[in-house]
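Naming follows writing order (A, B, C and D), and every chain is counted from residue 1.
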Amino acid sequence: MEVVPDYIYPDREIDRAEGQVINDLKANSQPVIPDSDAWLDAELKQNILLTSVDTMIDWAQRSSLWTAICFPACCAFEFIAANGPRFDLSRFGMEILRASPRQADLMITAGTLTWKMAPNVKRIYEQMAEPKWVIAMGACAISGGIFASGYNVVPGYNHIIPVDVYVPGCPPRPEGLIYGIQMLQKKIAKKSLFHKEKA
Amino acid sequence: MMMPDFGTGARIALAPLPPDWPGGFWWHWLFFTVLVLAFVLSMVMGVIYIERRVLARMQSRLGPNRTGPFGLLQAVADAVKVLIKENIVPAAADKVVHWLAPVVAFAPVVMVFAVVPFANGALLADLNIGILYVVAVSSIASVGIFMAGWGSSNKYALLGGMRDVASIVSYEIPLVLAILGVVLVAGSLSLNDIVQAQQNIPFILVQPLGFLLFFTAACAEINRSPFDLLEADSELTAGFHTEYSGMKFAMFYLVEYAEALAVSAVVATLFLGGWQGPVLPPWLWFLGKVFFVFLVMVWVRATMPRVRIDQLMAFAWKCLFPLALLNLLLTAAEVALWPGAMPLIVIPINFAIAGLLIIIWSKFFKLGWGRVEV
Amino acid sequence: MTIALSGTELGKRLAEKFPGSIVESIPDCLLVNPSLLPEVAGFLKDIPDLDFNYLNYITSVDYYEYFEVIYRLTSTKYNHSIVLKARCYDRENPVLPSVTELWQGANFQEREIYDLMGIRFEGHPNLKRLLLWDGFAGHPLRKDYL
Amino acid sequence: MAIKTEPFVLNIGPVHPSTHGVFRMRATLDGEVVLDIEPVIGYLHRGIEKLAEQRTFTGFIPLTDRLDYISSMSNNMAYCMAVEKLAGVKVPERAQYLRVIIAEMQRIANHLIANGSFLNDCGAYFTPFLYMFREREKVVDLFEMLSGQRLTYNFMRIGGLSQDIPDEFLPALRRFLDKMPAFIDEYDRLLKENEVLLARTRGVGIITAEKALNCSISGPVLRSTGYSWDLRKADPYLLYDRFNFDVPVGMQGDCYDRFRVRMEEMRQSVRIIEQALKDLPLKGAVRADVPQRLHPPKGEAYAHIESPKGELGFHVVSDNSIAPYRVHIRPTSLLNLTALREMVRGWKVADLIVIFGSIDICLGEVDR
């Protein structure tokens, strides 16, 4: 058998640096990131001009949710099924999957998140341009699911990134996902461009 | 409107105003520039909607139908959303180039529409070198695309930009050679004259091989599938516009479809008889032909896998280029043989020769394997 | 049907060829002396009437007193199989020779065992963690992890 | 004249449209040419083998669903067979027939996804993928009828199936089988002889039979090299020795052969299901009497099946308690990746994606 030469670049340093990033993130992300939806209950008081601008913008944003590609595990196939011929997310204008997170609005976190993956997910979330939303799809994404006791599993995406809508199920059926998306659309409809979210 | 004078070529670059158009020279310019811009932008939204609906139907789904009646407002919603999205410039990017790239890419595509006739004489500038202008101006867009690929300081974007430059340099040659066949038959470089020369027979019948060559090369130039290598989403995530968000991304998105529209318009003008047609008003004929060509592009996109970069190059140089030369030679011989009007007999002759050449080439020319020893 | 070769018969033959290589041979498997593992495996692979050209899998089990590494070999030509086992008793720094030279399929699996069980394979071309990251504390599949 | 170039490292993945999950390749490129890649995996490593030690023998079955989540039923079955072998459980004949039927349906569903996403990687804009997904939905419907789940079925049990099939299942399966060959023909018509597809996949990513065997590669990737090794024939489990079917093999082990082998295997699966339906006993138990708290005798057992991706095996060690002492999963997808580095060297970036797609891996199984 031919002997394959060593890798061209010094990969061990890269590995060590990447491992350090994971360890740091693991140490720093024990608490759950709180849901920043308190503003939803607040009564919105704006003048007519602003509310009509808001209505227009909210309509545009909720009607064209482009999804970032971040599908680690099993739930991805229910998402694809939801995109497929039978459930057909393209009706909502969501068939455009942006491979580049810069152009996406919605991150559907389909699947178990491991600590090794966590820095990448965080990075993708940070690369997405505002405004952006996250749907945690499936039990693993919400709380770690049946893998919660695993040594490499993050118990829920909300340890890493803020989550807007949780869709339970293992995996959720495509109908459930579509319902979750509609909940998100309702949430976007309540949002106001000029109302600063209180952190 | 003056009648075409083949070959004399004594006209100035800016044609005189048609008598029935309003205002003075500059008012005329301003008015119609705004009109063309508005037309291009609204048509782009239209073709995006059409593509998404048709593509979805071809993939046995429905396509956007919730936003507005029949989903007609989907493109509007997309546009509004993209425009107010955050604009990110990567820290490592070349800021000036990054900002300038979408503009450089977008402007020339709109400029192409200045010389496309919507009806007899209804064009912004009846240049006597119209088709040359189209070829020259439309290539500038790829400078913008390369700027985007280079300025983003992203490896995927750089690969996309490199692929774009490689394809534009190669495909320009068969493209121009295919156009030359049409120009020889029509005897003019002005698009309006070319349309008028198709009074009786559209050039697709006289130039079947030229049409195929032009359509293929143009698809490659504007990077439609199966030549959409520079934003090949299964390879390079989003290619040259990986790092673009918000409004600048919207401009690239616009460029993609405006280019497709421009090519459809040029194909309709050069080969399908432009605004010529019975019964219906000319502009409707023109739009119908544009949409028809665009639908063919969508159809190709929905079925064909993508070629590889070396196959793309090989296809241009080993297949399209010699065929375009032969086509030009054949056309020149025919024009020399029958100066003035061509008899109808050339149509079956040209079809036969086109079929023969394509069969010969498909036997001898195979897209290669392309492994490099490392 | 894949025939499971009897460990006792094959063990006799191997013990003649490589004295001291077989620690124990029972019908199910052959317990090989770790220091002679590459020789035994190479013999099993190269000898024409055995021809074990296919390594099904390698796995490892932690029995507290020792680690047991299990190799299942199959001959796709004669359609028979054999299980080799090797034990290492050193819990702090367990080492076994690598079989990557013989079967490249062992490459990822030995890295995985190194990662999850902490057994080092001498002679492996690129022995580093496969599934977990550099800097992960401990080896999770060991019974005393957590 | 050679231009002096400098190689650069491109990081493909873990989040990339065509890495089928979270696979990551550190590719060293010279322009478009791939000089070298290093697969980096573990982004979905959930520690299933460790979790198995905390669960009972039956309680581990749901976790096997999440291994190769495209073909969950096969995973269920392989694990149950290993425990049955360990505990010496005899599975009733009706259950064995149903297992064969379900496993072959799962093969069809898996190959539909494999080929669809492979064509998608070649750049056919979602169309073949969605066409094949349409038919997969029909298989999923049938599975839903059985288990109530669409993806993670958890249907097999140690000693048989969790419950008997509903009355509507067999007629529905019959209807599906009648239509399926026509659909496979449709996919063939769609792209089988497309010039661009041939140019992209023929001769690309060739692997020889010796190399494949040396790298422990199995399944369609091994058979595409022309080497006929199918555990259903070589080591018949369940009732596969009762059925007539062919093992499709390729010519030279390139991407196109892998694509074709999967297409042909779907036809053979339809054939097997039809024969199994003919012989299926209409009455009888579907589950052997297995105690709720199973504790198999001390020992170990390995059972392998020809899963859609290749040889899938479970090595189960018992210490006579109610939980497995150790479960090792023979990861088909991981071992099929062994030769990836040699297969892609010298090809272009686009080929890297195509070759990777043609191997058909599932990250849940690679990382476990």
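By our rule, contacts are C-beta pairs under 8 Å (C-beta built on N, C-alpha and C of every residue); 3 or more make two chains touch, one makes a residue touch a chain.
The structure presented is a predicted model; accordingly, all values stated were derived computationally and were not measured.
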Comparison of C-D and B-D by number of C-beta pairs in contact, larger one: B-D
Separation of subunit B from subunit C, taking each centre as the mean of its C-alpha atoms, in whole Å: 62
Distance from the mean Cα position of subunit D to that of subunit C, given in whole angstrom: 26
Distance between chain centroids, defined by C-alpha means - subunit A, subunit C (Å): 43
Junction residues of subunit C, two or more chains touched: 104, 129, 131-133, 140, 145
Residue numbers of subunit D (touch at least two other chains): 16-17, 35-36, 42, 45, 47, 50, 130, 134, 214, 367
Multi-partner residues of subunit A (each touching 2 or more other chains): 1, 4, 7, 84-85, 99, 116, 151-152
Contact pairs between chains, per stated definition: A-B, A-C, A-D, B-D, C-D
Subunit A partner contacts - residues on subunit B that touch it in the complex: 52, 56, 59-67, 71, 73-74, 76-82, 84-88, 233, 237-238, 241-246, 249
Contact set on subunit A toward subunit D in their complex: 1-2, 4, 7-9, 11, 14, 69-74, 76-78, 80-81, 84-86, 97, 99, 111-112, 114, 116-117, 120-121, 124, 146-147, 149-153, 170-171, 173
Partner subunit B, residues of subunit A touching it in the complex: 56-57, 59-61, 63-64, 84-85, 88, 90-93, 95, 98-100, 102-103, 105, 127, 129-131
Sites on subunit D touched by subunit B in the complex: 8, 10, 16-18, 30-36, 119-127, 130-131, 134, 190-191, 194-197, 199-200, 202-204, 345-351, 353
Subunit D-facing residues of subunit B, complex: 55, 58-61, 155-156, 159, 162, 225-226, 228-229, 232-237, 301-311, 362, 366-374
